[in-house]
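What follows is a single structure, written as structure tokens, with notes after it.
Chain naming follows the written order as A, B, C and D, and within any one chain the residues start at number 1.
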Amino acid sequence: MSTVMESKVRIQREDFSVTGEIEAIKKVSRNIGGIVTFLGTGRELSKGENITQLNFEHYPNMAEKKLEEIRVKAIADFKIIDMSIIHRIGEIDIGENIVLIVAAAEHRTEAFKACEWAIAELKRTTPIWKRETTSKGEVWVQDTP
Amino acid sequence: MTRLLYFASLRALAGKSEESLELGGETTVRALGERIGKTSPKLGEMILGKKVMVSVNQDVATLDTPVRDGDEVAFLPPFSGGAI
Amino acid sequence: MSTVMESKVRIQREDFSVTGEIEAIKKVSRNIGGIVTFLGTGRELSKGENITQLNFEHYPNMAEKKLEEIRVKAIADFKIIDMSIIHRIGEIDIGENIVLIVAAAEHRTEAFKACEWAIAELKRTTPIWKRETTSKGEVWVQDTP
Amino acid sequence: MTRLLYFASLRALAGKSEESLELGGETTVRALGERIGKTSPKLGEMILGKKVMVSVNQDVATLDTPVRDGDEVAFLPPFSGGAI
């Protein structure tokens, strides 16, 4: 196990590098054969409205704690080797990166399952909120899980 | 003192993002909701009607969860992280 | 639609950049909200044997044609926005990238389904062969689909 | 002339990676397999026993697919691309 330079779950304003996060997780084991990533990006359209900007807010510490719970449960339940979860906050433009989940496993089936579960779980349990700016103004999105 | 935090859409309803209250002894989330309802009726209604999630010291709480001096209580509208 | 600099399906000796491929596919539409990628990497262990190197060979043109068929069918069947598929050939060391599939969609569910289907279909239909080098020598892997 | 291609593990069995044959008229994959079997018995057996896939001009073929002058016939062992 190499020295962990940065935490595998992070909430940050700045953008992240998908390649950088994948290379970091590769260092964990020489037995990784499949890495599945989910990258969520800012879409222009939402329920027919044209979005010009997104803005994310989180509950500091509690949100990071929830992400770490998701990571630990994914590793245990899906028998994957490791997972990293990064969510950006603040202003996000259309096309920009919002959230990244990387699931590394020996085989691909578990990596797909773990990654898909983790993003659904993040939406359900992690105190992060999205505000959309459209021509009609700004609105906090109230997603029903 | 007990610290109350209002996130996202609840900030406009509460008219603030946080406040500190003197509880005068142990209380519950329910009693806190009733107290908030006196100045922000709609917010109080949402808390008591479980339309918002409440956390005490960053753990998810129920209306019966005790609240003590020094606790951090947060009012959390439905989450919408994770892009789409 | 921007000018396509490079084909979205490729078989090549050199490594690829996951971030680079994701950024290329993002240019296709401002309505992409979820990008799922599968990255296959060289594992050290295979059936209990310690692998020191991998070597991939393909049937030129036919393999590229199969990848393009997978891409076109994935876009049509899963209603995704676009897909790119890149497979490396030649010598691959442990931990190195072998294959990348990027599925970009409006929503994540279709992207996950399309990506998982595409890698299974690649293994089933595309004339690419893997040779593993272990302490016992070199052996062509005969995967049963 | 018809071009024959042997890939991966079949190269060692055929003793070559490719060859050009004069067919002397239209034939079939089956007849080609029988002809190959005379010099490489195990390879001929695998072709006729459908243990290897055969393509004609890069389309998957059956034993009855016709083979003509100028065609490219490839013998393809089970695929193993895609990492794990």
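Everything below uses one rule, namely that a contact is a pair of C-beta atoms (placed from the backbone, for glycine too) under 8 Å apart; a residue touches a chain by one contact, two chains touch by 3 or more.
As the structure is a prediction and not an experimental result, all values here were calculated from the model.
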| item | value |
| --- | --- |
| Subassemblies held together by touching, subunit A left out | one piece |
| A-B or B-C - the one linked by more C-beta pairs in contact | A-B |
| Subunit A and subunit D: spacing of chain centres that average the CA atoms, whole Å | 49 |
| Between subunit D and subunit B, distance of the C-alpha-averaged centres to the nearest whole Å | 74 |
| Centre-to-centre distance between subunit B and subunit A (centres being mean Cα positions), rounded to whole Å | 27 |
| Shared interface positions of subunit D, touching two or more other chains | 83-84 |
| Multi-chain contact residues (two or more partners), subunit C | 33-34, 40-43, 106, 108, 119 |
| Chain-level touch network, classified as line, ring, star, complete or other | other |
| Interchain contacts (touch definition) - all pairs | A-B, A-C, A-D, B-C, C-D |
| Contact set on subunit A toward subunit B in their complex | 40-43, 56-59, 61-63, 65, 87, 98-99, 119, 122-131, 140-145 |
| Of all residues in subunit C, those that touch subunit A in their complex | 17-20, 22, 26, 30-45, 94-95, 106, 108, 111-112, 115-116, 119 |
| Complex interface listing, subunit D residues touching subunit A | 83-84 |
| Touching residues (chain side subunit A, partner subunit D) in the complex | 33-34, 106-108 |
| Parts of subunit D lying in touch with subunit C, wherever the complex brings them together | 5, 7-9, 55, 58, 74, 76-84 |
